[in-house]
Amino acid sequence: MARPEPSSVSLLQHKLNLRWTLPLLAALCALPWVAAALGDSFYVTLATRILVFALAATSLNLILGFGGMVSFGHAAFVGVGAYTVGILMQHGITSAWLAWPLAMAVSALLALLIGAISLRTQGVYFIMITLAFAQMLYYLAVSLKAYGGDDGLSLPGRSALGGGVELTDTTLYYVTLALLVATVVFITRLLNARFGQALQAIRENEVRMAALGYAVLRYKLVAFALAGALAGLAGALLANQGGFVSPSLMQWSQSGMLMVMVILGGVGHVLGGLVGAAAFLLMEEFLGHMTEHWQLGLGALLLLVVLVAPQGLMSLLKRRAP
Amino acid sequence: MSTVPLLQVNDLVKRFGALAATDHASLHVQPGQIHALIGPNGAGKTTLIQQISGALQPDSGHIVFDGHDVTTQPIHRRVHRGLSRSYQITNVFLRLSVLDNLALALQAVDGSSLRFWRAAHAEVQRMDRAAAVARRVGLGQRLDALAGALSHAEQRQLEVGLALASGPKLLLLDEPLAGMGPDESQRMVELLHSLRADTTLLLVEHDMDAVFQLADAISVLVFGKVIASGAPAAIREDAEVRRAYLGDDAVPSPQSA
Amino acid sequence: MNGLQLGLMLFLLAAGLTLVFGIMDMVNLAHGSLYMVGAYLIATVSAAADSFWVGLGVGVLATAVLGMLLEVTVLRRLYSRDHVTQVLGTFAILLMCNEGVRMVWGSQPISLNPPAALAGPVELLPGFYYPAFRLLIIGVGLATALVLYLLVTRTRMGMQVRAGASNRDMALAMGTNVQRLFTAVFGLGAALCALAGGMLGPLLAVQVGMGESILILAFVVIVIGGIGSIRGALVGALLVGLVDSGGRTLLPMLFEALFSPQVAADAAPAVASILIYVLMATVLAFKPRGLFPAHG
């Protein structure tokens, strides 16, 4: 009997389609030069912001899209990462090599704690409990008067890379791009590995996975912590990009915004976070120029996406046979 | 002959409010047997299965499997001990192929799934074994078919396959023949009969013909209590069982099978 | 504003929310927007007609109609979708409502004045005065609770609502005209939101975004109370109102006594804000489906 080939249209398998991801990457690499040629560095700043949110959205996509965990408190982990960098800098620790991994670690640890409690609940209760924890962290940040409280904290500068390399706008852009690429590659491999297969299968049918002998809670928790860590990294980058950390980063409306990006871009598609973040922030930027009431247009567009393309923009881009 | 039973359910009690769904039920399954659990609707058969598999915690009583007290152990522990379950209402991964379904089942008991880099589908040995399990349950020609596209009978076969994949010592089958016509039922009966060599079976069933064809031992559950347990012939003759469940007319005699 | 008033007003919001969630199984982030639109309409009509009561009546009715229109046109398409999609869809409506209100009324908060007759204090007991309007709030809240109780337990529609909350498929099988029931429930929920908006408007600010902060509280209430249960909404709302107000009053005093005034000033507000979430987490730890879950 012939060796069975794994089904090439398996729902759980993911591929980075090099035919258009490589050109995209090339374009993104070239962006700062193009911007410099046009004499407008603004695009680099905007692009950096998009890439940072793409990282945050991708981390949420891991648990939301691939894991089926609708967490409404994800922005809190981004905020925690940002605050870690900010607080360390306040105390004179500016090295990115120290602060950024620490930001990831703190976020991961918090995610582990919050997940250990929240993941025992299901459905809307899970949504509410993650929201509740995020609110708690928000109010905690507000109460930190030593670090700006409600007004937030201005960072004296950017993280130090060492070796004479400074985090200029352009350098930050490339660093962010590199980290995003690394994350996307890592997540793609993770999804195709045993862990990712199990995680996605849990999303498909959690009861059966338990009956098959998987310790379901364990896998969800690991995914949750991983997503938290990546969100923390996004937070560290955001703190550098904006030069400012404030509790508003952690508000539930920010979590909602991240969810919108993920859903807009395509729940469960590897590049969904990037597509969603880009779509959202570009709309915010350009519609915002046209009218101050751009949110009306955004709302209308979101509603349209919901009614027409239930799996997000990505599904419009690649029609996949289920 | 006194062999240690593979499964001992001792005095199990489970209440939902005022209702005792399981009312001091006791049951022994010998290794190598096909043991059938029968009883009228509402007797509490599925509730009992759920407690044995670990989906539900009993209020009191003990479940001893393969010499270990598993009463409070979570489902996944029991699966690793060799206790596996299939569902009455088909509960497979509808959006995945038959092969992928079974590969997942195998992955559960084949080392840790906390692996983050190597592609799971490249594990050729596991894929081969998944295909072997598929052939075992009669789905060898349907490896690439999506579970959602299978016929009802084929889905029931996959149900059994998923539970079988982990190589269990005891297979709990909740109404494997549910919803099947006569031909399909007969095929399933043959499949279950062939599993006798590999594993012990405890099956819940309503189809009396199948039960009396297959079973080495039968336990009768009525109102959460096991009122009789023993060889099929003895059960068939048992007065209390006839009164409570089989009814004097409805007993399939050996000649009419 | 004390716990009882907050609790009763939260109940008005939570009742509609829990019914929509319980019966239509829909997460509705736009619920707070109905509260906001209601408040704005009441404020505008009251000012134009120079009468709080006219404004209240017209505003509540108009919001109910608006709610039903929204349900018929857009929201009913979301019932069959998963919660994530519903979150996105209703979030979109929330954005549009916020922006729409901003376009019509501008970004500045507008004022909603209580009726002149109730602007002053009332002597409840010799020497004990209480603001009349706050008495009205309590009265309206209790009266609504009673009316809803009668509606749900004594009327045919109420029975259908309860049936729908605990078992939708069965309710369908029994011949409930589901579409009309859903629209009616939604309209009722919208009316309750507007009523709450009219009651709270004079106390809090009528401004864009007022819906969001209270929406979270309403969700916490229905999770604590049990989704689909009006009784749960009442109990949950009162609990949340008491814990929140009580915390804000007592904690600063407690902290000042235990620690220093500095700590009291910094930490007490934060801890007070967190209290209701701790309450929710505690309730869920013991009763994972809330205090009175409607679903069996």
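As written, the chain order gives the labels A, B and C, with residue 1 at the start of each chain.
As a convention for this text, contacts are C-beta pairs under 8 Å (C-beta built on N, C-alpha and C of every residue); 3 or more make two chains touch, one makes a residue touch a chain.
These figures come from a predicted structure and were not determined experimentally.
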Of the chains present, which has its C-alpha mean closest to the combined C-alpha mean? A
What's the farthest chain from chain A if centres are computed as the mean of the Cα atoms? B
Using mean CA coordinates as chain centres, what's the gap between chain A and chain B in Å? 43
Hey, how far is the Cα centre of chain A from the one of chain C, in Å? 32
Between chain B and chain C, the Cα-mean centres are separated in Å by 49
Could you please specify the touching residues of chain A with respect to chain C in the complex? 64, 70, 72, 117, 120-121, 123-125, 127-129, 131-133, 135-136, 139-140, 142-143, 145, 149, 252-253, 256, 259-260, 263-264, 267, 293, 295-296, 298-303, 305-307, 310
Okay, in this complex, where on chain A does chain B touch? 1, 3-4, 6-7, 10-13, 189-190, 192-198, 201, 204-205, 207-216, 219, 222, 322
Hey, which residues of chain C end up touching chain A in the complex? 21, 27, 29, 74, 77-78, 81, 83-85, 87-89, 91-96, 98-100, 102-103, 212, 216, 219-220, 223, 227, 266-267, 269-271, 273-274, 277-278, 280-281, 284, 288-289
Contact footprint of chain A on chain B as seen in their complex: 53, 55, 74-76, 79-80, 84-85, 87, 91-97, 99-100, 104-105, 107-109, 112-121, 124, 127-128, 130-131, 135, 140, 143-144, 162-163, 165-166
